Every structure is written in structure tokens, then in C-alpha cells.
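Below is one structure, written out as C-alpha cells, with a few remarks after it.
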Amino acid sequence: MLKLENVQSGYGNKLAIKEVSLEINEGEIITLIGANGAGKSTTLMTICGVVACRAGSVKFQEREIHKMAPDEIVKLGICQVPEGRHIFPQLTVKENLDMGAFLRNDTEEIKKDRDYVYSLFPILAERRHQDGGNLSGGEQQMLAMSRALMARPKLLLLDEPSMGLAPLVIKQIFEIIKQINKESNTTIFLVEQNANQALHIADRGYVMETGRITLSGPAQELLANTDIQKAYLGI
Amino acid sequence: MDYFIELFFSGLTRGSIYALIALGYTMVYGIIGLINFAHGEIYMIGAFTAFIVATVLSIYGFPLFSIVIIAGLAAVVWSSSYGYTIEKIAYKPLRHAPRLSPLISAIGMSIFLQNYVLLAQTSDFLPFPTLIPDWEFMEPIAHIVGTTDLAILVTTVMVMVLLTVVIKFTKIGKAMRATAQDRMMATLVGINVNNVISATFIVGSALAAIGGLLIASHIGQINFYIGFIAGIKAFTAAVLGGIGSIPGAVLGSFVLGLTESFATGYVSSDYEDVFAFSLLVLILIFKPSGLLGKATNQKV
Amino acid sequence: MKQSILQVTGLTMDFGGIRALNSLDLDVKSGEIVALIGPNGAGKTTFFNCITGIYTPTAGDIFLTPPDSSKKISLKGLKPNQVTEKGLARTFQNIRLFAKMTVLENVMIGRHCRTKAFVFGAIFRTAATRKEEKSIIETSYAILEKLGLAEFANEFADNLPYGAQRRLEIARALATEPLLLLLDEPAAGMNPQETIALDKLIKKISLDGQAILLIEHDMQLVMSLSDRIFVMDYGKKIAQGTPAEIRENPVVIKAYLGEEVDA
Amino acid sequence: MVSLKELKKGLLTSLWFVFLTFPIIVIKVDPIQRTVIWRWQNALYMALGTFGIYLLVKYYQHRKENQPSRPKNTEQTESFLHGILQKPLQRKILVGVVATIAVLFPHFFSTYQTNVMTTALMYVVLGLGLNIVVGLAGLLDLGFVAFYAVGAYTYALLNLHFGLGFWTVLPIGGLIAAMFGVLLGFPVLRLRGDYLAIVTLGFGEIIRLILENWGKFSKGPSGISNISRPGFLGMEFSLEQSILYTYYLMILFVIITIFVVNRLQDSRLGRAWIALREDEIACQAMGIDKRKTKLVAFSLGAFWAGIVGVMFAAKTTFINPASFTFLESAIILSIVVLGGMGSIIGVVFGALILILMPEYLRALSEYRMLAFGGILVCMMIFRPQGLISNIRRTYRFEKKPQ
Amino acid sequence: AGDTIKFGVAGPHSGDLASYGLPSVNAAKLVIDKVNANGGINGKMVEMLVEDDVCKPEISTNTATKLVSDGVEVVLGHICSGATIAAMPIYKESGILVMSPSATSDELTLSGDYPNFFRTIAPNAAQSPAMIDFAINKLGLSKIAIIHDKGDYGKPLAEGAKKHVEQTGKGEVVLFEGITPGAMDYSAIVQKIKQSGAEVVVFGGYHPEASKIVTIMKKKRLKTKFVSDDGVKDDTFIKVAGDAAEGVYAAGPQDNSSNPMAAEAKAAHKAAFGSDPGAFFEGAYAATVAMLNAIEKADSTKLEDLKKVLQTEKVATPVGDINFDKNGDAIGVGFSMYVVENGSYIVVK
């Protein structure tokens, strides 16, 4: 479904990802793990076109997308929960959710989806008329996740969705990821610091170090890999 | 009492004049956080275009009704085109620059446009044709509210309501608000940010053009420099009302216009602007984000 | 019995209709590490904001008692900078470094409230000023070394890896010589490896007798570090106790931890 | 070379500009005689002009793309200058060269050039003053000219009524301006960003309006004339000598200002300003008193403006409120931003360019201000960070071997 | 002196006040072209050096030094009194003759500080009494509202007018106020004029503000008379104010509608620039003629020689046959009062 070949990109005259190739098949959950600053977020931003791809190619459903404008890419059905949440601070919770469904026109369905995410995160329902910017860190994270769900994407890119969440909610988040993957057949590309849990729900995983993919394979294999256990799982 | 009412309506007219320009200011500020010093010049160009087109048409003997329509349309079309082009040339390349760089670019643009019109047209004042004739039935109150005063007031309020509705409820309005608050995220939900910003400049400039047409008919004269003072005052009004807020811009303009009017009427016009600016300082001390501006108490 | 340095009683904070803090009591004793945990939106960050003067609480009292005296200082109504001067220093949940300043300079800013040089000293660079500047640099560098940031000293803060930025926040707060250090989710966004390093680091800081109040969602870290834990939900304190007690507390499990508690 | 597609785009661009400028540059009406002049040739010039500019821009872009090292080059020139400033010996040589040029300047150029250069130097000091407020402390001040006016009127009035001399009033002017800085600072401290901008703009206007209207105090719009030029131990100067003397005085002021601003910037206070600019909340949480720090920035900035104001009154020997309009504030702000916010050398360059440019553009006669506006826009587009950015010396700690 | 006569022209040629400066550039150009076409002056061509001062004192000192450096022999300008006062010391030092078509400040001629200054416009000191006397004696009105534009031209005029009313003791000033030039709407001040019960408005300032005020006065159905100054006695005023201009009185240089030179100058402008001349055009034209004439007669550009000619010999100009008194004010540019009738200024008999 998504294929990156020798992708290079960065900021200013600094390359943040030097050579990344990876592939995601329809219906999979793929996770990308790596140390801080390895270039994981940059990879996601490059897929979405926010950071320009300097070399190599990005293909989505057989189409080259790395020269397209970000909003065009989003229209193809790729959606991202970015690092740092990026809630619209002066829009209410409800309006934030509606922004997630910006490209959709099926009012009835949108309403249903909204009720669905409210049922997932009841605290959001409670806060629905409050400005997004005033939510607590964790509430914002839930909102960011919900907003992405509102888009009903084909491919969902998640950048550290568990950051700042209470243990209970983290569990719930991973449940939700599994659930939408199964029920709506959404393909998921998950970047996580919480490598342990990420690998537990993922089909396959990639490991990234300073801008390069250094290892990849089925999630179970990676979990068993001693190097990975030492470096990323804290065991 | 009569005197009070007279002053009140003077203030209202003045306020509406400010408001028509302040609306564009506030929209542009709202979306890219730029104090667009060239906005006054857009207004000036709108007025000039209206002047040129209207005069040409009247020389060629068109009926008044069609002159008003065509001149108005021309003003809107050309002002919007200028707004659009200026954004592309002077502001878009500076999207990621430090905050003050576009401000300086705007000041440069403002100087440029003034002198462009000065050179291409004239430095002299020009008589603006009477596009809005006095209505018979207004005669008994003409000494308080004239036809043009009424036209300006009504247009202002209509435009404000319309804009508020558009921004609050339509898709493009929502896109504008989202873009204003977080440009990257707006892109990520599928908004074409460049188009939204262009649209904002186009709408803001169109408003300035309508303002140009109405205001010039009201005062009956134009020259290349009218945009500058109008711009400063409108900017003040927009901030007073809470910059970025549409109803705020209108309220701020009314407050400013009324203050100036009453200051002139009951104190002295010598210090009319001193009153206006002192009021501004005073209001901002108690309401640091303006009358209707949202207090953005940043969550920490 | 150690003397308590921070005493908060009946702290309440309303935002419009929302009561983010509801008559909360809390105290920290000298040399202790205390953790504050609770579900998202429980009001933990709001608590920090209230005691550091960023928000003005609706009701309640906040007292700080320096360890070597028995005089209580009320922090209520003080401005954030005054609170810091009195001895509370904090880090932020969303990192707020001075991005365009170097790492060293970030820490030097922390020394601001403990130094004096002003316009005159700056212009004429008097002997006293020079001495003070020297001591600022040296102290700051020492703190960087202690937190393992010395290698980055001359880098701009925003070029640092995320984990290092979190540590820099701590360094900067430490530079103000706080009586009590407030950490808001220091481990957020860190990988398990880095979290373990952070654990060690906090312990090291605490060994010098530094009292610490910590907000964190990483239970492993909380359990390993804390002497005592306060748990809150919906602005109220729902439990307090040692890590062992909290782990077993059914109310906490239900509201926050979930069924199985590992670690 | 330029591709066909680009040519087509160029054509469209020039057509667009022809359309855009059509009513203004082609039609000229005389509403009284009721005649219309169609100046079609202008449309043609516009088409050719924009097409030419378009090709030029494309050519420039191509060159930039085909030479990937080019951006690095500019980077290098910047760090080259940076390097010079960091190395003591080279810095000394540079300073020496600049000093020689500065000293010899009046001997090689006419009185007019010297006079213009003096004006430019005054703006250097103004720019450096505003740089404290905007560049370092990050407070957008659009009414800086008010303090300049305060300084100028302090001297003019004291000279007029009490016959006080330049040197006596110089510090007084600075201090009074600084006082006004504090006066303005108090109410506006709570305001953020652009709200601050408009209030300072308002303040600037208030000062000017008071000077204009309060005739008994300030002689109103007629202004004050016959202000004494700067003296030196009671010596009598001819006009030419006086211009020369003023020039050297300004050089001295510039040196002092650079020295002081440099020291301020490298001090505890300077760090606090920069931190305040970066993040106010974090700054307060680090124990910095926001109010006090901002007030000091305001009053120090105002102090320099006051000093230059005194100098200004002494140099022109005549002042009236018309010299202190908002446009003046805008120019000073442009100097700071164009030069590169917070960078001293940047501000020096910015002032020299922005003040000398209109003078040397006199050759363009009526196109002078058109060009000025256009160049301002272009310079911002090509160097959005300012001419010289980020040359701030950062603190370093080199561990000495024990 | 070289082989050309360098003739400086200074004034605002860009910025908000350009409309007051540019007409004198045109005037100088017309005269000089004509002179040069006829073989120049005493065999020398006249070269024109135009410099912008934006009406700002600080710029005008640069402008003046520039002109002096470039070796000009005489200067037409500056336009604004403030800019002129600031520039004068520089010309004085170099002994250069300066003649302004528009700077009306009393100080320039009456203080005696600027012996090299001349002008073809009457000083404020002459104009304010003329306006007031006209309103009181001719129109027979006594309740006077004095309005000015706060500028360095209008305000001193208004102040002079007020003083004159108080001195003569015949009328009464019921309102004395400054308006903000360029403001978008003057209805408040118009309502205030009405409220004050004034029978006549005496205005000190320029035509853009005046035309806005009379337009609003007409809209508000005020019948108060409007008496104004030289800055308003400009055809642009009538064009812009249209109907509202009817019945407005303005002081202006003596009637020269019968002066063939004035008509000729106007026609020449129309031919060369395709439009009617703007503010101070005639005065500038006259000043250029007077200065070039003096150079020719004196066959010198020394200040003393020029002064002698200017003070003793009358010269025919569009503003009449003039020479200058010892202060530098033109003799023979006395005032007439004009009234707008059927779209043009005619002299009030």
C-alpha cells in the first residue's frame, strides 16, 4: 500500500533521514521504533509531504506522492496524529473533531463517528464545549487521536500516541488501534517509544537509527532480538 | 439633546468607515498574524479604480445605476487582484521568516503602492463622482444622517453579519480558523493552506474596495495618500475590538468613531486623536486582548 | 520526623464551570521524593501552575518553610518569579526551553534570581560583576556536568535530542537553587532506556538532599523513586501513601492503574 | 535554459500584471474637462517589464539550483564575518580599517556626503536603541519616535528658554526620554505582541499631537528654530566646520553606543532580555521579574533615542512635530529588522543602507520612493532573517586543564 | 560660475505632501525651457537641479547641503515653512538666494535672520487680517468660528486671525479649533460649528480639508459662510468640492485673471503635462521668472547683486508686476478676496 524507496529528507542543510526504504501492506499494523532523534517523526512528515522529500520516492497505492502537496496527500486517505498533538487551541473539542472530518460531507455519518469517539473517551464528551488549548496534556492526546479517527483514513500514521497518557488509557489506546485495524481495515503505521507494547500489537516492525533503517522483521522476531531488548525495551 | 444625537450619528458614520477597512485588517491578521500595513493602500486602490471606472463611464454617458454597479464590481475585482498578488509577492515567501520580516515587507509594499499610484495617476486630489444621490425622503433628517451615512452604516452591519456567519459555519470559514491556529495541522486535515490564505486576502481586499467606493463617495475626494491614515485608524479599531475578531473589529470601530466624535463635540477636536489613543490604552489595560478578543490564557 | 517544606491546604481552582482542583491538601518534607499521579485531566499540572503562581487559585493556602528556619512563607498571590525566588522551581509538561539560546545559557538564566548585576555593572563590568559572571558560568557548567549535558553545552537548545531537552529543563530548574523541585512528566516521550537513566539521575539529585515533587504516568519510575505518592482524580485527592500501599489501593487501581499492575 | 513551459508561465504572469495595473497606469481621466486619456504604451511597458523580471528571477533560480554550493556560499560569507568577529586579531584589523575610513571620510567626500553620513549615524544609534527593545527584549515598539521627539524638544526648549548648551542638555535629554520610557512601560507591560505594538504606536502619536497642539509649550506646528549647534569650549564654528564636528561627534556616539549595547547584551540583563523574548512564561518560572526587565529595556532604548534627539535638534537647528511621525518609527524598525534582529553589526548596516539609500536614490528623482519601497520588499524576501543574523556571541565554557 | 546657471528646485516631491511640491517643479521647468529655447541668460543655459525634501526639516538640511554641494546659484523653494527654516542657514552660509512660492511663516522675512530669503506669497501676518476684515467689514458677520488644520501653514494663520479679531474688538470668536488633516470624516466638527452659532467659518489650511468641510457642511444643510486662505484659492478646490464650493470665499494674490502671463503659463502647463496646474504653480512660476530676471539684469549670481535687482526693479510675472521689500516679501502681491461662482473664483468687488 505504501512504499518508501531510499527516501532522503531533512531541515535546512541538515539531513534528518538519509536513506529509508520500507513497505506497508494493506491491513497491516507496522511499527517504527528508534531512539530519540533517529528521524521517526521526520519519516512520517515526509510521507505526508509536510517535509519535502529530497531523494527517493514515496508511493501510495502505486501512485507517486512525494511531489504532491500535503493536502493532496491527505485527500488520498492518509492521516496523521502528529507528535506534539497539534490541537487547534481556540476551537472547541467538538470543532476540533469536526476539523478531522474536514474532507467528508456525510453529515449523518460524521455525527455517528463523533458519538463513537465520545464513547471511547468519555472525558472528551464532558469537555466538548471547552477550547482545545485548555485541555490537559493527556486529554489533548486523546483528542488528537479521535480527530484522526474522524477522518476515516485508509492509512493512519500515529506518532507516539501513548505519550503523556495514564496507564489505563495507554492500554485502551492500543486496544483501539487493534480494533480499528480489524473492524475498519485501517492500515496503521505506528511510531512509539513504548516499543514493548507497540511490538506486541504490530505485525511487523522497523528499527531506525540516525536516519537509517537498521533492522526489520516480524514483530515477534524483533521482540525476541536481544539487541533490541537491550536498546529499546529496557530489559 | 439634538446636538448629542447629531454627534452620535457623526460618530456612527465615522465608525462604519473605520469598520469597513478594519474588517479586512482583522481577517488578514487573524489568519497569518500579520499587521498588513498595505491594507490601507488596497483600500486606496479600490477607491481609485472606482473613481477611474465611474468617471470613464459617466463620460461615455452610461446611466448612474449601471455606473454604480460596474464601478463597484471593478473596484472589488481589482482590489482583490492586488490583495492576491501582494500576498504572493511580498508575504508568501516570508511564511517561515521571523515574525517581524513580513511586517517590514508590508511597510515597503505600502510605500511602493502609494508612489505607484502617485506616479501613474497624480498627486492631486480628485473629485469622486456622486454615486449615491440624496434621497428625497431623507431630507427631514439630512442634517443628522445623510444618504451616504446610511449606506455606509447599513453595508457595514450587513457585511459583518455575513462574515460572521461565513466564518462560523461554512467550510471555508472553518478552514480559515484552523489555518489561523495551526497551519501545519490544517494541512494535515486536508486544507490547502495557500488557497485559504489567498482567499482571505481576496475577501479582505474586496471589503476594502467596497469601503473605498462608499467612503470616497461620502467624502467626495481621493488621492494617493488616503490609505495611510485610514489604515492606521482601522488598525487601531481592529485592535481595540480584539484583533482577529470580526464583530470586534466593528465594535472597536464604533467605539473609536464615537469617542472621536464626542471628544470633538464636547471637548476639542485638537485632541481628538489623543482621546482616541488614550481610550485605546485604557481599554487594553483592563482588557488586554481588546473588547471582544478572546483572552488567550495560554495553558502551561 | 522530617520537617515539611511545602504545605498546601484546601487548594481549589475553578475555570469557569470546571473545578480543576477541589480542596486539595498536600505536603512535602525535606529531602523527600513525592509523586503526584492521577488520570489525565485530574488537575496535576493545574496544581503545579497554582503553587508556582502561574494561576491564582480560587481558594486555599500554600506555605513554604525553608529547612533551616521555622518561618512559613505564604506563596499565595506571589508572582511566578517571586515564587521561584522563594525556592520553588519547576519543569514544564510541554517543554519550554529558550530555543535560540545555548544549553549553557539556558542554565545561566536559571542563575538569574540568585545573582544581582544590573545596568551599571553590565556597562562598566566592575570587578564584582566579572566575579559574578564567572561564578554563574562555573556553577551552570557544574550543573550540566552533573546531569550529563556538558557535551551539549554550546549547542542551541532546540537542536538537542528530546531526552536531553527534558534533562536540560531539570538542569535549568536546579540552577535556581530550589528548596523544592517540581517535575512535570519528566519521562514523557522517553524510551525505556532513557527512562532508566532518568531514574538514576533523579535519585542522584535527591541524594544531595533535594526535595522533589514529581508528576508522572510511568508507574515503574514512580514506584521506584517515590517515598510517598499522592493520587488525585477530578481535582480531589483520592489516596495517599507509600508506593506499596498505593499499588494495592483498590480505588487507585480502578481510577488509574487498571487491573494488572506490573513492575 | 528556460523551458517552454516556463516561457508560457512568464507570458501569463506578464498578462496578469497588465490586467492588474491596467486601470491605474493606462487610463487617466480628467473629471472636470471630462476627457479620457488611454495610455496604451504603458501596458506594453508593463508587459515587457514583468516578462523581463520574470525571466531574471527564473534565471536566478536556475543558477541557484544548478549550483548546490551556492546557499552554502552565502552561509560561508556570513560565518566568514562571524569568524572575523570571533578572532581577536582579525577583529582588530577590521575595526582599524573601519575606523580609518570613518575618520578620513569627510576629507574625501563633500560636505553633503558628510552631512548625510551624520544623519545615517544618528539612525545607527536610534537603531541600536530600538534594537534593545525589539531585537533583544522582543517587545514590538511602533512608537519609538516619541522618545526621539522628547530628546529633541528637551534640548530645543531648554536652549530656547534657558540658553542651556548642547553638552548640558545631552544627559538631561536622555534621562527625560528614559523617564518617558518607564512611563509608557508601566501601563503596557501586560500586553502581548501586537497589542503592545498598537499601544506604542498610539503613544508615539499622542506625543506628537501634544507637541503640535500645545502651542504655548512647544510652539506648535511652527516649530522651534535657531537652536544652537553643538559647541566645543565656546569655539565659533563655520557651517562647514560645524558639520564636520557633528560628524565626528556622531562617530563618537556610535562607538559609545556599540560599546554599551554590546556590554549590555553580554550581561546578565541581556540574557534575561533574550530569554524573555524566547518564552515569557518559562522566563518568569526561572525567577526573572518580567516587569522590571521590560521596563529597563524600554527606558534604556528610550535613553538612546533621547540622546539622538538632542543631537538631531542641534544638527538641524530647527525642529517641528512633523519630523516625528509614525513613518519615522517604521523606518527605525525596518533598520532593526532588515539588519538582523539583535545583531549590532546588522543594525549598523541596516541603518547605513536604509538611510543612505534614499539619498543616493535621488538620481531617480520622482521614482525615488517607489524604488525605496520596492527595495525594502525585495530585501526582506531575499534576506528574511535580516542582513546579518545570529552573530550574537554565545557563552562558551572551555574547560581548562587543571 | 561655470558655463551654465544652476537653478535648484526643492520641495516635497514624494510622500503625502507631494501635491504641493510637484507643481513648482513643473513651473520651473516651463520657464527654464522657455528661457533656454531663447538662448539662455546672457549666453548661459539654465540647468535645473530638482531635490526632494519631503517637507521634513531633517531631510531638507540634506537637500540644501546637496544643492549647495552641487553648486546651485539660486533655489526655488522650499515649500513648507518648517523645511525652509531648517534649510535657510545652509544657504545663508553660502550666500545663495532662495525664493519660495509658498512658505508663509512670518519668521522667514520679519525676523531678519534670513537676508537671502524671498518669497512670492504674502506672509501670514498679511493674510490673517485680510480674511478677518473681509468677514467682519465686507460680509458684516461677527460670530466667527476659526478652524485650522494644525499645520505649520494653517495654524499660525488661524492664530493670527484670532488675534486680529481680539485686537479690532468688532467680532467675536465663538470657536477656535484644529482639525486633523487627512481624517476621514468631519461631520463632528461641522455639527460643532453649527452648535456654536457661528455666522462664518474662517479656515486656515489647505484645500483638501477645506473641500471636505464644505462638502459636509452642505450635506448637513449648514448655511454658514466659509472664508478661507490662499491655500484654498486653488482651482483644485472647486473641482473637488463641486457644488459645495459655490459661495466659498478665499483670500488670494491679487486678481491676475486678466494677466496674460498667468493665462499663458496655465496654457503652457496644459500643453506640456496634459492637466491643469496644481498648488502654488503661479507663485513658483513668478519666482522663477523673478530670479532668472535678476540674474540676467545683474549679470551675476552674487546674492548682493541679485538682491539689489529684486528690490529695485519690477518684473512682470503671472502674479503681477512685482518687486521685493527689504525683508524679502513681494510688493504688489497684495490680497484680493475671491468667491466661487459658477465653478470659478472671481474677485469680490
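Letters are used for the chains, namely A, B, C, D and E, taken in the order the chains are written, and counting of residues starts over at 1 for each.
We adopt the following convention: a residue touches a chain if its C-beta (ideal position, glycine included) is under 8 Å from a C-beta of that chain, and two chains touch if they have at least 3 such contacts.
These numbers come from a predicted model, not from an experiment.
Asks: Looking at the contacts, which chains touch chain B and chain C alike?
Replies: Where chain B and chain C share a partner, that partner set is A, D.
Asks: Enter the minimum step count from chain C to chain E; a value of 1 means the two chains touch.
Replies: Counted as steps through touching chains, the separation is 2.
Asks: Compare the CA centroid of chain D with every other chain's and tell me the farthest one.
Replies: A
Asks: What is the chain whose Cα centroid lies farthest from the Cα centroid of chain C?
Replies: Taking each chain's C-alpha mean as its centre, the farthest from chain C is E.
Asks: Give me the two chains with the most inter-chain contact pairs.
Replies: If you count contacting C-beta pairs, the leading pair is B-D.
Asks: Can you work out the whole-Å distance between the CA centroids of chain A and chain B?
Replies: Measuring from centre to centre gives 43 Å for this pair.
Asks: Could you please state the distance in Å, as a whole number, between where the Cα atoms of chain A are centred and where those of chain D are centred?
Replies: It comes to 47 Å between the two C-alpha centres.
Asks: Taking each chain's centre as the mean position of its Cα atoms, how many Å separate chain D from chain E?
Replies: 34
Asks: Between chain B and chain D, tell me the centre distance in angstrom, where each centre is the average of that chain's C-alpha atoms.
Replies: Centres of chain B and chain D (C-alpha means) sit 28 Å apart.
Asks: Got the chain C residues that touch at least 2 other chains?
Replies: Those would be 45, 54, 92-94, 96.
Asks: Hunt down the residues of chain D that sit against at least two other chains at once, touch-wise.
Replies: 28, 31-32, 213, 281, 366, 369
Asks: Pull out every residue in chain A that's touching 2 or more other chains.
Replies: Residues 134-135 of chain A touch two or more partner chains.
Asks: Using the touch rule from the top, collect the residues of chain B that touch chain E in their complex.
Replies: For chain B paired with chain E, touching residues are 3, 6-7, 9-11, 13-14, 17-18, 115, 118, 122-127, 130, 142-144, 146, 148-149, 215, 218-221, 223, 225-226, 228-230, 233, 260-262, 264-265, 268-270, 272-273.
Asks: If we count contacts the way the header does, which residues on chain C are in touch with chain A in the complex?
Replies: 15, 18, 38-46, 93-94, 161-164, 185, 188-196, 217, 219, 256-258
Asks: Using the touch definition from the top, list the residues of chain A that touch chain B in their complex.
Replies: Chain A reaches chain B through residues 48, 50, 69-71, 74-75, 79-80, 82, 86-91, 95, 98-100, 102-103, 133-135, 147, 151.
Asks: What residues on chain E touch chain D, complex-wise?
Replies: 13-15, 22, 50-52, 55-58, 61-62, 65-66, 68-70, 80-82, 85-86, 89-90, 93-94, 105, 107, 113, 150-152, 155-156, 159, 178, 239, 274-276
Asks: If you look only at chain C, which of its residues touch chain D in the complex?
Replies: Residues 52-54, 79-81, 84-85, 89-90, 92, 96-102, 104-105, 108-110, 112-115, 117-119, 121-123, 125, 129, 132-133, 136-137, 140-141, 153-154, 172-173, 176.
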